[in-house]
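Please find the structures below.
One chain, subunit A, links the two complexes that follow: it is found with subunit B in the first and with subunit C in the second.
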Partner chain A sequence: MLRQLQQIAQWFDDRLHLTKLFASTAGHRVPKSSGSWFYVFGSGTMLCLMLQLVTGTCLAFVYVPSADEAYTTLEYLTYEQPLGWYLRALHYWGSNFMLGIMSLHMAQVFLFGAYKYPRELTWITGVLLLFVTLGLAFTGQVMRFDQDAYWGLGIGTAIMGRVPVIGAQLVNLMLAGPIIAGETLSRFFTLHVFILPGTILALIGVHLRLVLTKGINEYPKPGVPVRRETYVEEYETLVEKEGVAFVPGAISKDLYFSAFVMLAIATCAAVFGPKGPEGVPDPTYIQTAPQPDFLFLWVYSVAALLPPYTETVVLLVGPAVGVLALLALPFISNTGEKSARRRPVAVLTVLVAFLGLGLLTWAGLTSPWSPHMQAWTSDPTPVAFVKGRSPLELQGALVLQNKQCRNCHALDGVGGHRGPDLSTVATRLTRDQLVRQVIQGGGNMPAYGKNLSPAEVDALVAFMMTLHPANELPARDATLSVRRSP
Partner chain B sequence: MDFDALYRSQCAGCHSRDGRLAAARPLNDPTYLAFVDPTALRRVISEGVPGTSMPAFSQKRGGLLTDAQIDVLVDRLTEATPGVRIALKLPPYSAPLGDATRGAMVYQTFCSKCHGAEGRGGPNGQSIVDPAYLSLVSDQALRTAVVAGRIDLGMPDWRGYVPGRVMSPQEVSDVVAWLASQRPRQPRPSTP
Partner chain C sequence: MSDTPSSPQKSGSDCCCKGSSRRGFFLTLGVGLNVVAGSLLAVPILGYVLSSLRRPPSAQWISLGPLGGFPSGTTQLATYRNPVHRPWDGKTADIPCWVRSIDGSKFQVFAINCAHLGCPVRWFEQSRLFLCPCHGGAYYEDGSRASGPPPRGLFEYEYKVEKGALWVKGGFIPTLARPLSAA
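Right, the complex of A and B next:
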């Protein structure tokens, strides 16, 4: 009986070459020293991705990517579908864990010098994987299409819109129009569900292929630098002499870690539940202090903390420099010491990076640059801006309060500081431009569009037209250069 | 619960902090406080005035204030004894609209010297018949303005338009009807 089974297995193996496949993949030999607790993060990230693919597919069965239905289907999932909330929670926490473990993986690879010769390409594909994963997280938060998503997107657009010359086109490409609308959601859905996951799978294929061809980094020893001439040979002897098959020799810790990650995700999902959806996107209702997802909070702080005149440069040049530095890293430090004990600068870099991100996130959580939620009811329209105003203009001042413009805009320095102080706005913008700004938004400002009645727009603009110093005339079309598009 | 803290954080934005000049009427004007009806006051604070910029504050209406907090506001604002009201011989807080045609005449008597012959603005007052303006204010706000005036803006009250001639309750209702009749007939926007 047993023999017969074996024969059948043999028959299949003869045709499918499964043992060979196994020997050259999961069973490939790795340095014994790499069976370390430090080496578990790669497989942990992979596991999270698998979880995301499964939960994501399940979510896609119910989710409808249209502006009016996205929110409803999510509410249905959360409150009606049995365990639908848990599915959403798993997907949300899976994404957080994936990025978290991925950062650990990256830090470990960096500290252990694993990116050095001959594994440059492994690092580069890894960096690309990081970007695609961030892309998935960003497009994922938009799927909720709630207020947080709206603001997250608003900030993303604000950064894009700063690109010189083609900024407006980029925003158009990203949002499928000048403002965040239903088309935006279809676009992000396609990215989130087809393009980015496809890319990530392809990149992982290359990444893993490289792990097989170039081997996994041995546990670095201080004082044993990488030399291009000898490294490959040294590595081969090492694997020959004291290598073990990855399965079953070195995989046990990965399995423990994977189990732990699964448990952690399942627990977080059960305890904290899914995120949102937190209210249909409505730019006039901002009392809940919406914020982009935790992961992107630091970007939001950077945008908020920078002095305005540096914003464009930093927000555009900064990421470009960062990306280039990451991609160039394995070529800049291609050989030499691998051990973190001999690379104080590397250790410092990692510490500063994590500390910086942590501090910025904290600043984002607590910053006064997020809309100042009480301004609309607590900061009076300054007396000078009330004096001599007509009844209509006074109504405009009231609309400005009531529609919570003050939460982002100061008058005479008092109020929120997300947008420019409006005290002298009439010297900068003409009536038409004011109408346009209010209705279409632009920059980090939401489009108020249908949330204002024509009379409210009239009053608002009439009031804003009075906001200029007594000795300076309001802006006129002829004297004003064309304004930056949204 | 502290009235001042509540008022400063919730109302000062529109109704002014120290009662000097404000976009909406300052709520420390004794004439106004004697005029206003406590029930109406509570209703306005809780439910807002639909179609205007006065928001609803009651938590039931999506606002931030509890019933107890609203009580604190109402109690303090209506402290001025009803005695003042009688002593001043104030017209009633609310009344149905009067007759617009008579209102036009009342307007000429009491108001035109400041707001101009047709209400579009004159030497001492600006337009009060702008369609957008009228779309954004309630009839009650117009009535309140006529009776209690806007001391902060230089608008007298019902006793002060013509020296020695106090407006009668009927004249108040008529002139408000005249103003309201010029409001464009479009559906009021619903403000949440």
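Right, the complex of A and C next:
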């Protein structure tokens, strides 16, 4: 029986040459030192991609990429199709994990100097893979065709519209028409389902081919620099002397990590569920505050925090510079030390990049620059701010509430945070300064001169003059007493 | 098309040379035929894909409904069906805009899109401001920029009053590259 099975296997192998294929691919020899926990992120990213292909295909069984019906099918998927919610959640969390693990992979490759000679092209294909993955994440966000997707496309349109000379044409190419509508969704669907996945598979082919031809980076040792003249020979000796077959010699940790990633995605999907869909993509419904997905929150923050006059340049030139810098990296730093212990600038770069992205994302989550559009009707004036006030001051409190001041200004932390909290404004501005600020605006505040009657301004300022701690006097003009007593 | 070999061989008999030049010729011919046929196929395919790279259709006059719907001194939301739309566009072809009636005969009609990054601006009657929920752009009631990141005032439609109705000239999403016709 066993011998018969062996004979059958042999028969197939004689025709398919699988043993030979295995020896030159999965069974190829790698430096023993690369069987490390730091080397698991590449296979982890690819695992996520495989999962995305499977769950994405499943979702396409039901999803209809039509502007008129996409939202209905999303709701059907989420609430009626058996396990549809779970597949949507797996696809959503799979994409988050994919980009997360990919960033770890990239940071590790950078810190271990793996992009240096002779693996420049491996790094470059990796950078391209990152861009395609970001493209998949953005187009995927559009597939969830709800209000956020609609206005997210609007933001993309506005950015394209800032391109000089060919802006209008680019907008039309992106939207496939004059407005965000049916053909726009079809366009993004084609990108998300055919063009970008095809590209990513082709690029992975090249990326993995390069891992086979140029070998995986050995675990770098401090004080052992890369020299173009000797490196290839040194690597070959290393692999020959203390190399192991990738399968089964160095794959165990990848396997543990894969299992962990699958469990993590399955758990996140089960516990947190899918995202949205949030609201019918009806442009006439304007009571909406669009926000991009988690992965793009940092872009949203950048757009809010940049000084307006730098915005167009940074939004258009910034990405180009970033792309060029990433692609040029292996040529700028082609040889020399690989170990992070001897490359403080590299370590600092990674720290700054992760901290920067993390802080911008955090800022995006709290988005203090967005006015709270409902604050004026939903956030009551805290009791402490009306206690013991005169009728005029109370009238001023009403003006503050009714004129939507609270949408941008908080009282005791409650309300918008676009402008400064007014809880202690009287300690910062004198009466005259308050009047001027209200009437003329400035410092990023609209002027209310035309929209408030003199009586309303009087009342409002009288109220704001009371906004100071009990033990601290309001600000006053030190020159007043001098001017009054000539 | 040339039937001379691309590189004369230094060694080998005449027969071999002749043979390789024959092969070379047929190889060149084969590649050439495929280039020609491929281009013939590629032209319509690229034309199909890049058709939307052309400038969008010019603006058209769109009715927003009878004047009676816009009482003097009010600013309110109006919607229209975009003149260029597909049968499967659903609600996405319904485009909102803000109509400010100055005195019942003079109007200002603003696009819904913030001039910063295109988010929908909201009108606040009490403070007479348009506020954007995304990054906090603010505009006065006449559409001029009040504060925040927008580089200009709201995009404004050209309008006319005809047959007792208010008409605006539009049909595409306004951007900095192609703002609506009126200043």
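We adopt the following convention: the second predicted complex is superposed on the first by the 362 of 486 C-alpha atoms of A that agree within 3 Å, B and C clash if a C-alpha of one lies under 4 Å from a C-alpha of the other, contacts with A are read in each partner's own complex, and residues count from 1 in each chain.
The rule is short, and it goes like this: a contact is a pair of C-beta atoms (placed from the backbone, for glycine too) under 8 Å apart; a residue touches a chain by one contact, two chains touch by 3 or more.
Everything quoted here is computed from the prediction, not taken from an experiment.
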Of the partners subunit B and subunit C, which touch A:A459 in the superposed model: first, second, both, neither?
-> first
Does the superposition put A:R15 against subunit B (first), subunit C (second), both, or neither?
-> neither
Of the partners subunit B and subunit C, which touch A:G182 in the superposed model: first, second, both, neither?
-> second
Of subunit B and subunit C, which one contacts the greater number of residues in subunit A?
-> C
Of the two partner chains, subunit B (first) and subunit C (second), which one does A:R3 touch, if any: first, second, both, or neither?
-> neither
Between subunit B (first) and subunit C (second), which does A:N402 come into contact with in this model arrangement: first, second, both, or neither?
-> both
Name the contact category of A:S66: first (subunit B only), second (subunit C only), both, or neither.
-> second
Touched partner set for A:K241, first subunit B, second subunit C, both or neither | neither
Contacts of subunit A common to subunit B and subunit C in the A-superposed view 284, 287, 376, 402
In the complex formed with subunit A, which residues of subunit C make contact?
-> 50, 52-57, 77, 79, 82, 84-86, 88-96, 112-113, 116-122, 124, 126-129, 131-136, 138, 140, 146-151, 171-173, 175-178
What residues of subunit A sit close enough to touch subunit C in their complex?
-> 66-69, 150-151, 154-155, 157-163, 167-173, 175-183, 280-284, 286-290, 300, 303-304, 306, 308, 311-312, 369-371, 373, 376, 402-405, 407-408, 418, 441, 444-448, 450-451
In their complex, what parts of subunit B are in touch with subunit A?
-> 8-14, 16-17, 20-24, 53-55, 64, 121, 126-128, 130-133, 135-137, 153, 189, 191-192
Once bound in the complex, which stretches of subunit A touch subunit B?
-> 284-285, 287, 374-381, 383, 386-387, 389-392, 394-395, 397-399, 401-402, 406, 453-456, 458-459, 462
